[in-house]
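Chain naming follows the written order as A, B, C and D, and within any one chain the residues start at number 1.
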């Protein structure tokens, strides 16, 4: 029996319902991302929480079926794919695993301090990570992998977001050429960028993210089939990097207050891989100043505290 | 019975002995800190590991009685004292809890990005933390607290190191005046700095650090007397900040490879608060490029792996 | 006969009177410096222009007798003194002569790019310059030199400003200790800083600055006595550095629009060393966003254009 | 009669011959640029000086017929064209005129400090300048203008250099997309970049640059035909910006030591617009650490000193 299994499901449900109510109270305090025109179309009142635990018990509250683009949450999948394809040593000879202390799209550190991006959760690091695989793996391969990790065969490319990303992703284009000019990019800039933009444009929902969270929380095993989707030796790396770098410039505070390996995206998604194991997926496109879903962060604070999900007891 | 208690002590001893042997092989690969003249006098071949677990079982290998100055390890004690004295909200309204991605003595971020230092484990953050208490608490108070936390009544001020720090600590003096110019320093610059320098100059040994580690690992309770030394609600904060920021620019890598809340100092000390609970103190003044003890890091990699002490399983 | 001598004095007077009128129209558009409390006491409506040419013809319009503190204008005198005392090669082995592109009190470049401050017109560079002479020359020596250069025996230390500078000059104190920590400061930090603060606190008026400007414009010769006050070989260096670095972050624009070697101070003073030779001193404590006197800059644009004083024809 | 006309041509010739000898002694102390493969093919022993004065008297010493690519010297032509096409106010609403204190290809300031590049002589500023005209003017238009300014109908595109630039100019590509992401680029990135790369690839010789220098020194008039090539009101702007920003990070030192509005390129070219009027073109592909021709800088120090060409007397 799993650890979470010891908790009464009524208790779990009550906690999530309260968290959902708390989160709802914050949807009107943030704002929807608008730096990609397509994202600005989101409804800022939307909010959903989906949960699945190791016993495959599930909960869905609010807008759990609504589809949105993965954005930075896809950095987790890119990192998984790179670790699978290239291994730990090779991957981390190209990107570091240090929190950067800078905003997700910063160029400063890359230009000043190092030829290797600081970690795979900032744009420069995720683009570098993409370049490690874009020569060998197609977007179709990655899409298949994302569907498996999220146990969601309906994930597809949101063509409108993808077009919007490609057209307006000039800062990411600047990053890819800066990486190339430093001689560290491992594939063609445009092919790398195309894979990166496509991954950002994957259309998921809160349920997909809950499944993804559970796979990670579950040590890399598909909870439905028992198949290994992420090699054991990489799961810990993933958890630590999500813990230290997953929430943009708010990562430190989130680690103290929530303490669950998580990754957010400016599309409003948040994936959490909690003890138990428990996977939690949240969607709330109204973002705080750091780029995290305002409602989702508040909901997770409540859930972590009440269900004692913090990684450090 | 504690978790560690389930492990045979023979097994634990064997792991530590092997770790000690491994560490010894690295003492000649780093170099002793020399930016404070007094530190340069250390013997780079010295190496010691001390362990104490929740059942008060202890192990001491190598140079465990040798005294050295705490240096940045004292940032942990400053943070404990500030949390005790001012509470969580007040403390973190003056210093953030974000990993900085910069070196420990960086001024850059402070000048560019924020009026609040990034976290209490970098110099600017520890100096700010010192300013929160230097008006109300004397060095004697802090010394008393350090002796309790380390269960070591012989901790005293290393006068030679203190004189050396005060005389050559110009970069820290620059930091304190920069903080003051930004209007964020909470006490007189020279009094703040004096407390900071004194704390850096506390003379400890590997055994003291093992005890300190155990208090933190043990949820803040003195394992000998059962007295509460750190309020429960602050222990987690401490652990997370040590986990994300405790090893200078190597914090991210150490979190992935070792995964134990730890704090190093350029005097060669390393304190680790491991699951179990288990406190580990190491001393090895031969430093790597990041300012961490080369031997201690290598020894901890072995210990964490073999005894499964990583925070993320 | 001097070049300016060819211009009718009526024409000169008319141009200055119009410039004075133009300047007056801008006094209410800037704001008086307040980062040193004593400076905030200035009357922002004050405005004065004083002129003296190579034939010792003078003009005084508005508040030309009003005393104010030299502030950054004193950097010109510090540089003159260092060049006299140490020579060109020695001086510029400690400070560069490159425009920095940063604000006058920036620490960034010093920390990132170089151990030598970029030029003697920014704070870090002027403090470094002060350290070249503070061990050998007393403030009395410098005061005497300032009185000669300005043909003003009444220049004295404004004790209130000096006390204010010393008490609140924390950023400059941070800079001096940063320079010391880099091993480049050439004298004791506090003695260096004291000289720097005293020089900033020299009490002058627009007439003093006109005289100073004429000495520089006149190739270093005292126009009244014919005595050499600045060695010929250093006058050009001075002019070029004033031209490229004398107006804070507005130096480039001022060089294009006015084109006269000049140096401003946040006390509201502006010294100009124009062709002719002609010395112009202006006072207007209402500052623009760059820290330059709003009225003085506008007046100089008119004067330079009408009297063809631009260095590049 | 021109000012230079007062100097005996024998004297001028003697000075240039000595300068040529001096320069030759430095060709083996720098190194040929290699960041664009095609540039690395230059012969580092090559050195040539060409001079033409307002009386159309000319001098040619050494390798004055050898063709090389303009590189950054073309930034002067781009700026002329933008000023002609858009006027002063429009041009400088898109690019500043402040020396940057950073290296020519720096991204730092652009990212940190301002949306407008610091000046038109650094890459970011020249690319921005190109975007002001690339929508309206063809490369053919610019080529025609370059031929007029240099009185050299044989200037053409060096196809090999152009191909090399386009293929390896990743840092410039990063800059163009960063400008676009900030919403300040005024034309399509690739069309802008193509014009920029083509201008860098213009094939000139020392003689062409001497002619270009003379046009600028001569107030914008073609010395052969008397036709106005640069409007009077823009010539001063050009001179000041060349004076303060023309020699990369060495601009300040060059202004003090040589004091002639000049612009260098990593192809080894140097154009100088001296008093007199006198135009001087130099070629020496062996570069110093700043990217300026080692021999050309040394030669100009001698010429300026002996012929009193410094802008500040």
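Heads up, the rule we're going with is that a residue touches a chain if its C-beta (ideal position, glycine included) is under 8 Å from a C-beta of that chain, and two chains touch if they have at least 3 such contacts.
It should be emphasised that the depicted structure is a prediction, and the values quoted were computed from it without experimental measurement.
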item: Shared interface partners, meaning chains that touch chain A and chain D; value: none
item: Copies chain B and chain A - interface residue numbers shared by over half, same or different; value: same
item: Rounded Å distance between chain A and chain B, as computed from the means of their C-alpha atoms; value: 32
item: Mean-CA-position distance for chain D and chain B (Å); value: 56
item: Between chain B and chain C, centroid-to-centroid distance (C-alpha), Å; value: 49
item: Two or more partner chains touched - positions in chain A; value: 112
item: Chain contact topology (line, ring, star, complete or other); value: ring
item: Pairs of chains found to touch, sorted by chain label; value: A-B, A-D, B-C, C-D
item: In the complex, chain B residues that touch chain C; value: 107-108, 111-112, 170-171, 173-175, 177-178, 180-181, 189
item: Sites on chain C touched by chain D in the complex; value: 96-102, 109, 113, 118-119, 219, 236-237, 239-241, 243-245, 249-253, 255-256, 259, 261, 310-313
